[in-house]
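The two complexes that follow have chain A in common; it is paired with chain B in the first and with chain C in the second.
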Partner chain A sequence: MTDFLQNCIDGVMFGSGYALLALGFTLVFGVMKRLNLSFGPSIMLGAYAGTWVYLNFSQNVLLVVLVTVMITVAVGIYVERLCFWAVRRDATIASMVSSFVIWMQLEEVAMHLLPERTYPFPAFFTSTVIDIGPFFVRSEHISMFLLTLVLLALLHLFLFRTRPGLAVRAVSDNPLASRYMGINSSNVLFLAFAVVSVLGGLAGFLILSADSQVTPFFGLWATFKGLIAMMLGGMGSLPGAILGGLLLGVVEANAFWYGGPVVRDISAYLLLFMMLIVRPGGLVGQRIVAQQQAAYERV
Partner chain B sequence: MDYYLNLINTIGIHTLLGLSAYVLLLTGQLSMAQAGFFAVGAYSASVLTVIFGWSILPAIGLAMLITGFLAFLVGFPALRVRGLMLVVATLAFGEFVRLFFHNFRWRVTQDGVEVGPDGTMGFSEIRYFAEHGWTSWEVASLIWIFVIIVMALIWWADQTRSGAVLRAVGEDELAAGTVGIDVTVVKVAAMTAGGVIAGLAGSLYAHQITMLDHHAFTVLLATFAIAYPILGGVSNVFGTLVAVIFIQGLLVEGLRFLGDWRMLLFGALIVVVMNLKPRGLFDSQTLRWIKNVLRLRLSRRLS
Partner chain C sequence: MLKVDNIVTRYGTIEALKGLSLEACEGQVTCLLGPNGAGKTTTLFTIAGILNSHSGSITLEKDNLTNLSAPGIVRKGVALVPENRLIFPQMSVEENLIAGAFARPRKDQPAINADLKGIYERFPPLKERSTQSGGTLSGGEQQMLAIGRALMARPKILMMDEPSLGLAPIIVEKIFDIISLLNKEGVSILLVEQNARMALKVAHHIYLLEGGKVTFNGSPQEMQQDEVIQRAYLGAGST
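Here is the complex of A and B:
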């Protein structure tokens, strides 16, 4: 039982990183109903730029964070302009395919920047273990969890207390009606991508700091974890993304403890499949699916 | 010469893979599971020829059946979701299959040599063609005979009622349902057919390349599989073939002189095509243009 609870604590801590990634996917999906497959790789490229600065210029961790986030935002905007803004509105699939092709480009650039397989990634503090009763927590996991909470609060403030946030919600609710209200959806898309890239850059930094290394596989990994967490929670739902991320973290931590690394990876996919069979809409999105079903049956 | 033959084989195999996604795309389903089915076909056919010592054609046949059955099973849960959710679900399935083969070990000693899939090390020594003295020309002909058969079958099916049914489901599920088409049956059937074709492509690939590695079946292959029919357009099967030649022949091999940087240009070129022709190279506009050109030529020759 203690083991299980310990795993749950680890899972929630690590799952907060998944939640941030899933939020990135969900926000973009909500605004434009399109999938950005190169979200993970753009974070990877940002992290590579950060590592490159760390190795070649300065050991200042704050600078690494700044470079990581800035490059992630730059790459995110590049992807947005090329694959989403330029491609026609109704060509959902064309956007997805081109966002994937851009992925290859990004990986190529990262490999040219740092050609080795694995690089060390800096963290704010050296890792320590904190005991709480029978349980223990790693300090970087706590900082990740706390920073995620702060970021969530900020995102909530942005979306629900500011005019640009209102515009983002309006476009994601009903693109046509928001255009009649004079909202420039192209600008909103741009803004959403920038916000999401900031979130993604920070999430990437936190996760990589906890791992203390960066590899070219991070792009694929981040995209998959983010997508799975988003699907678990329900596509396009913000609370769902957080719940999905935490659920994924807890399940993976337990699978790792009882079964090893292979079972952990497989458990994520099994969880997704089971969720699709039982609740295709995800934890929170069931209502949306039910509404669609009702509309379908009425016709 | 072998280089060109290899390229021709690759084009053939990738055409089959693209066609497997094409069948699904007709019904409006975007499946990223094709790489997974491809891997299942590749591994099961090679296990049959290497470990059980089957002949190549029955092995391919059984591999196609296995893959088809798997696709049938995957079809049901996956069909509860549509659109982009289906993309993510099938993406997860493909990754699941890759992880499975990453850990799949089945070593058998034959004539003093250990053969069979060896987890992370991959599955090497699939030497059916070499052991039975097939020349590389014969291998290429085998692959292309299959390509021609599959293309002809899909083309023929497209002329009959079944093609119309598939396209109707792809165009508008609701309307298709109201005229009495069982949408679920059609979609699962398309998924199964796609699985069978991907299994065929995989089993040919395994024997042509002689060495399987789970790294070959990543999301990259899955994206290629759906990129071909999307780039070629779903108006007819030749679009897929042209797209494969365009990507594999022109972009992947033709840009090799650029060295490491070719991926950058490769990405940019595909994005440009996607921007200019979101419905594929052979959309209705282009087809009309080609028909007009042909008609002009004909009328000029007649007059």
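Here is the complex of A and C:
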């Protein structure tokens, strides 16, 4: 039983990283109703830039964080302008396909920047183990969890207490009505991408510093985890993204403990499969999807 | 006050507005009537900047609105209450109203707060439901919300696209009472309607749109005296 609870604690901590990734996908999906498939690789490029700085320039970890986030934002804006802003409003599939294509391009760029299969990634402090009663937690996991809580609070403040945040929610809710109110949805999309890239860059830093290394598979990995977590929680729901991330973390932690690394990897897909059958709207999605349908039919 | 001069608006190669001219005078209710597909909503969209006109001009007092962006036009004082209301279903009533003031500059915040209070006084049901999400409101309440939201932009002229659409007759009467009251308080209104009977009760000036062109331009009394129009839009022998 202790093992199970220990795994749950680990899972919730690591799942907070998944939650941030899922939030990135969900926010952008909410605003433009399309998936940005270049999100994972944009974070990877940011992390690669951070690693490059770490190896060739300065060992200052704060600088690495800054570079990671800034490059993620720059790549995010590149993707937004090219794949979503430049593509016609009604060409939904075309924009998602072009984000997929840019994913390939970003991975190529990353592999040319740092050709080795793995590179060290710095952390703020060396990993220590903290004892809490019968359980133990790793310092990098608890810092990831706490930082995620802070980021979530900031995101909530932004969305619900600021004017630009109101604009983001308005465009997510009814893009046509927003246009009539004079809200520029192109600016809102740009802002959403910038915010999401900051979240992603920070999530990437936290996840990679917990792992102490970065590999060229990170882009794909982050995309899968983020999308799965988002779908587990319910597409388009922000609380769902958070819950989905935590659920994924807990299930994977237990799968790893009782089954090993291969079982852990398969468990994510199995979990998604079961969720799609049993509750396709996701953890929170089902009720919200039904509410949204009812609301839209009246408007 | 609002002058539309000979605008041509196209959807691809189809000309929806074929050289349309109208004028909405300050303090009046100007009504655009016409059958489906005549171009009434297209006219409002062109004025609001949602659609770009191919030629012609639109001026509001001394400002040239032609081909300005939608946010720019809201800032110049033209607010639209869209067809089917189009409120934000997941945002609360209060957030819907605040969104209406989005185009106003940040330093206007005290005036925006004062306007919000004014909307609540004018529409008490909105005050009761200020934290409820928009999608849970009834049709008539949503129409009130849509009107209130447009008024939050402190427009010089309020454009309304078929406010009676989809509402029960008793609610339609209430909404037209609101329109009449707003106008008495000095709000200039450009009204697009298919419900000619209700529109004639509140309008000062009527334009009849058919096939993208104005075919009648006059007072409600003149319209009621014209037999052809009577038969086509008001039903024979109606008052």
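Please note the rule applied: the second predicted complex is superposed on the first by the 288 of 299 C-alpha atoms of A that agree within 3 Å, B and C clash if a C-alpha of one lies under 4 Å from a C-alpha of the other, contacts with A are read in each partner's own complex, and residues count from 1 in each chain.
FYI, a residue touches a chain if its C-beta (ideal position, glycine included) is under 8 Å from a C-beta of that chain, and two chains touch if they have at least 3 such contacts.
Keep in mind that what you see is a predicted model, and the values were worked out from it rather than measured.
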Message: Let me test your reading of the model: by the given contact rule, A:R169 touches which partner, first (chain B), second (chain C), both or neither?
response: second
- request: Figure out whether A:A177 sits in contact with chain B (first) or chain C (second), or with both, or with neither.
  value: second
Query: Touching A:Q105 in the superposition: chain B (first), chain C (second), both, neither?
result: first
- request: Determine, under the contact definition given at the top, whether A:L66 touches first (chain B), second (chain C), both, or neither.
  value: neither
- prompt: So, A:F273: does it touch chain B (first), chain C (second), both, or neither?
  reply: first
- request: Classify the contacts of A:L159 with the two partner chains as first (chain B alone), second (chain C alone), both, or neither.
  value: neither
Field: Partner chain(s) touched by A:I77 [first = chain B, second = chain C, both, neither]
entry: neither
Message: Going by the contact rule stated at the top, is it chain B or chain C that touches a larger number of residues on chain A?
response: B
- request: Indicate the residue numbers of chain A shared between its chain B interface and its chain C interface, in ascending order.
  value: 296, 299
Message: For a test of understanding, state which residues of chain A touch chain C in their complex under the given definition.
response: 163, 166-167, 169-170, 173-174, 176-184, 291-292, 294-296, 298-299
Message: Show me the residue ranges of chain A that touch chain B in the complex, using the header's touch definition.
response: 29, 33-35, 82-83, 86-88, 90-98, 100-102, 104-105, 107-109, 111-112, 220, 224, 227-228, 230-231, 235, 262, 265-266, 268-270, 272-273, 276-277, 280, 296, 299
Message: Can you tell me which positions in chain B touch chain A when the two form their complex?
response: 30, 77-78, 80-81, 83-85, 87-89, 91-93, 95-96, 99-100, 102-103, 174, 218-220, 223, 226-227, 230-231, 260-261, 263-264, 266-268, 270-271, 274-275, 278-279
Query: Which part of chain C faces chain A closely enough to touch in the complex?
result: 48, 50, 69-75, 80, 82, 84-91, 95, 98-100, 102-103, 106, 133-137, 139, 142, 149, 153
